[in-house]
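Just passing along the structure, written as structure tokens.
So that you can tell them apart, the chains are marked A, B and C in the order they are listed, and the count of residues begins at 1 in each.
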Amino acid sequence: MSAVFEQIFQVGFLAAIIRIATPLALATLGEMFSERAGVLNLGIEGIMLLCAMTGFTATSLSGSLWLGVLTAVLTGMLMGALHALFTVALGLSQHVCGIGVTLFSSGLAYFLYRLIFGQQSVPPSIKGFQTVPIPILSDIPVLGPAVFNQFALVYVAIIAIPLAAFVLYRTPWGLSVRMVGENPRAADSAGVSVIATRFQAVILGGALMGLAGAFLSMAQFNAFTFGVVSGRGWVAIALVVFGRWDPWRSAGAALLFAFVDALQLRMQASGLGHIPYEAFLMLPFIFTIVAMAVMSRNAVAPSALLKPFRREER
Amino acid sequence: MPTPGPLIEMRGITKSFGAVKANEAVDLSVAPGEILGLLGENGAGKTTLMNVLFGAYAPDAGEILIQGQKVRITSSADALAAGIGMVHQHFHLAPRLTVLENLLIGIPGKSGRLDRAGGLARLAEISRQHGLTLDPDLPVSALSVGEQQRLEIVKALFRGAKLLILDEPTAVLAPREVDGLFSALRSMAAQGLGIIFISHKLNEVRALTHRCTVLRLGRVAGRVDDPANTTSAEMAQLMCGHEIVPPARGPSTPGAAVLTLDGISTSKHSGTVLRDVSLAVRAGEILGIAGVSGNGQRALAEVISGVRAPDAGQMTIAGQKVSRFSPREVQALGLGRIPEDRMTTGLVTNLPLADSMVLPRIGTAAFSAKGLLKPDAIRAFAEEQIKAYDIRCPGPMTRAGALSGGNLQKALLARELAFDPKVLIVSQPTRGLDIGAARFIHEKFLDMRAKGCGIIVIGEDLEELLVLCDRIAVMYEGRIVGTLDSADATIARLGLLMTGAEGHS
Amino acid sequence: MFRLEVRTSTPAWFNLALPLLAIVATLVLCSGLIALAGAGVLESYGVMFTASLGDSYAITETLVRAAPMIFTGLAVAVAFRAKFWNIGAEGQLLAGAVASCFVGAIPMPGPLAMLLMAIAGAAAGAAVALVPATLRVKFKVDDVVSSLLLNSVIYYALMALIEGPWKDSFSGYPISPPIEDSANFPVLIEGTRLHLGVVVALIAAPLIWFLIVRTTLGFRIRVTGENPEAARYGGINVERVLISTALLSGALAGLAGVGEVGGVHFQVMSDISPGYGYSGIVVAMLARLNPFGVVPAAIFLAAVMTGAEAMSRATGVPAFLSDVIQGTALLAMLVALLFTAYRVRRVGAAR
């Protein structure tokens, strides 16, 4: 056990946690905005995959990493708009639409990827994001190299957390988002467009999911594979519950999950050879399910989550 | 100084929902400083008319003028911009957000941020002007119902309302709180605000308003220029089109107790609690439960219906002790139940009507055997009841949600009465029904009473309780604070008990 | 201006028309992708059709593929009727496959082996489905998320088995040892792969229909799904109904895995299911949760999958088109369902 403890305080281990947490934190924030406005987005898994694909492709074709990021974000917004069209404008079942968006987006990602790159024996890769040390901050012992010598997208995520909290709690738009998620009728009678606000929140959520997808294919793996997301989207949905629909707590939940994930990676590598590595891969998922069971009793979801809003209804 | 023209004028408003004309050629006007009463029975079209004014519904015909200018109001944002504020019957508040956040919703921020300081200042100013104080940082869920209503009024004023619409504002208040509300409204009117006060309680309208418009079946049935000096009977006649003849309730010959509660208490759970409630309903007797809503009536109904087990106390039905408090158990012992909320706890709107009609007894031999349904028996039962109760619908396989409220209530009544319950628990039996349907339902209750059924009616409408019930118990803060024979009961005495002002009688 | 108006009843022909409408819309929308790939739209769909339904052998292949989706489609339909959001049919299928493979590898008389395989597979699927149902009933955990996450857990568990202790020492690949030959499901038509499990799947659909429409459990499932509060007040033990539904749903999904092991692969490998569990959702929705509708819906998706592979070989359009078609069909069907609840009315502009 003490060996494990020593590893925790290794710079490499901390840096790994941060890297694993980044896409999760971005995706969780994205899902949180959507759910705060009352829209569950189960499309997240497919949206992240499609964005990982479009971002990777744009970079691969243009050579520009940031163009790839932009493409991924725009893709995410587009898919968010699609989900909002079904669930907000048409008021269809959020559960089933989300699954539909995931199936559609993943199918499209596979299809387009195969169409563009064909079937190659060695999958194409790109020169992804490199770590950028932040002057001064990266000199802080242990924490510095772990947190402040990272990919640019990690810094984006670090800034996104307080920014999300600010937007949600301190701006009129954030108040509108919370209100349409709690009591859409109240928002409507106060002159706030429920439909528009929900659309905006789901689209913003899609943009963040796009960033998460971009991180996976352009910083973490530098390639697109069909398993590039492998359940991270579903995990993000659980982390929103675990983080009680709050930006800070959600980010904390992402870090905690990342810790467990990094730990299992270490355990895989540390020669516990007789246990199949899949047993470790399972761990974060089991951890998430158990965590939800512990948290859900007290969790208070936005009151209007899953409830479509139609104004003229008697 | 020229006399001010009307603040707001509605001309020839017509609005239909499907085949139902909720409003037909309705005219209405309010002057600054005037309190207009909008009177009408449930379903007369008051709420629809106000929703048209507030932009929630687009009228099919007619126009709205504000200070002589024709305006188009297609959303609540338009209405707010035109200076119209509305306090809905069901509050439009987000319980988990704070008072200030509920006020600031929809208000543009200051350089992209919520304008907290500006909001606090404005709230303080309104509080000072009208004596409406509120703690800005409390979550709304921590406010009492009266305070939430105050917040709704402040919310309207916060947005610079010149006209304030209040939809049945006193339904949720204790008589003492009503006085406070009325004095605040008078002060607002004195400062030039126009107020539309919607109610079907005649005494309140006479006490408060300057002028009245009465709606009946969606049309203007008449106007009253001097409500204070018009009798309630005259106004009631306008509302109903005929004089109300209460159903004849003969003398009762109550038998043995069919439902007893002894020292029933529940712990804090979803707001309401019961404290040491004991009561008995005898065969052939109708017992009313009066009280301002939120004083434990719902918890009482839940315990009796078997969906909530009490923490202490005992209950018997027809002499049998209730041990498990499950709906199935109390039904088997002979309890029938007409819920307050037909759509959520009574019927299954997306399934055929027949399914809803057999729901509580699906496991009995009448409708199933060995786990298999008897579809013919189910259908025959539904058809029989549809005929017996004159339920208007295309047939038993119609989606239940397609029926009107009155027909749904009849269907619920049919399903419960078909099996001769020994006790019937009923909540708000005629809310939202037209007079004909309400009368039909009252007569059915009296029939059941004559047959020896014990009936417990939970209601907010004291006048209804007074004509229907043999005895009336009053609930306050989870206790029964008094029980009156209806011969001795008056609205004034009940009202006093409802505020907890009088002890046990 | 158009407005949605609430319908009071839906004509019966809608049950057939809506899925067809959704499928046509899907094929039209997806033709854009075929054109993007530089192939002829009609030609490609033509190849898909001939390869999947064009001759009797193709039809048997499509039916073999449809069988697991009939089971997962029924599993989802039953669950969704009760609003138990079982998105975990994939994991339940895998669990069923593993359990039946274990049993099938034990030497015993063929018929007994097949029966025990079915029982073990159904039980394993039910056990997996019990987890999200229990978490929901006891801990208020959202069943969608827990059943989804459980899919990953089961998948990794399966991988751990076939790469670890259960790895077939003979082949050296990450696959399980095969089941006994005597446990292989009998082939019904010589020269095809049409096995007994397909017939069982076809029989399961009317049985489940009977269960939903004609039994008290089915009644309770329907009422609980539509209005749990009314069900509770009506004396139905909602929690128990949810658990029963989960067991039934999981057992059906487990049977999908049994059929794949006993009738198609005879062992367990990592890609034993190309997402049949998720396809079950599409099937169930296309069928409007009607067990009878599940059969044609599953055959349609199976035809798309079989056809897409042939189309890919013939025209070079990536076979992943079938995944896009599945997703699009689900979304199109949801939109089409709007017509059952609402009708579009033209209304004059507000004055």
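Methods note: contacts are C-beta pairs under 8 Å (C-beta built on N, C-alpha and C of every residue); 3 or more make two chains touch, one makes a residue touch a chain.
This one's a predicted model, so the numbers in the text were calculated from it and none came from an experiment.
Student: Both chain A and chain C are touched by which chains?
Tutor: Expected: B.
Student: Farthest chain from chain C, comparing Cα centres?
Tutor: Relative to chain C, the chain with the farthest C-alpha centre is B.
Student: Just give me the whole-number Å value for how far the CA centre of chain A lies from that of chain C.
Tutor: The separation of the two C-alpha centroids amounts to 28 Å.
Student: Based only on mean CA positions, could you tell me how far chain A sits from chain B in angstrom?
Tutor: That pair's centroid distance is 45 Å.
Student: Taking the mean of the C-alpha atoms as each chain's centre, how many Å separate chain B from chain C?
Tutor: 46
Student: Mind pulling the chain B residues that touch 2 or more other chains?
Tutor: Residues 58 of chain B each touch two or more of the other chains.
Student: Which of the residues in chain A end up touching chain B in this complex?
Tutor: Residue positions touching the partner: 170-172, 174-176, 178-179, 182-183, 185-193, 300, 303, 311-312, 314.
Student: What residues on chain C touch chain B, complex-wise?
Tutor: That would be residues 5, 8-9, 213-220, 222-223, 226-227, 229-237, 350-351 of chain C.
Student: Along chain B, where are the residues that touch chain A in the complex?
Tutor: It comes out as residues 17, 54, 56-58, 75-77, 80-81, 86, 88, 91-97, 101-102, 104-109, 112-114, 155, 159.
Student: Could you pull out which chain A residues touch chain C in their complex?
Tutor: The contact residues of chain A facing chain C are 40, 42, 46, 86, 90, 92-93, 95-97, 99-108, 110-111, 114-115, 230-231, 234-235, 237-238, 241, 276-279, 281-282, 285-286, 288-289, 292-294, 296-297, 299, 310.
Student: Using the touch rule from the top, collect the residues of chain B that touch chain C in their complex.
Tutor: Result: residues 18, 58-59, 61-63, 72, 74, 305, 307, 326-328, 331, 337, 339, 344-351, 355-356, 359-360, 362-363, 368, 371-373, 375, 394, 398-399, 402 of chain B touch chain C.
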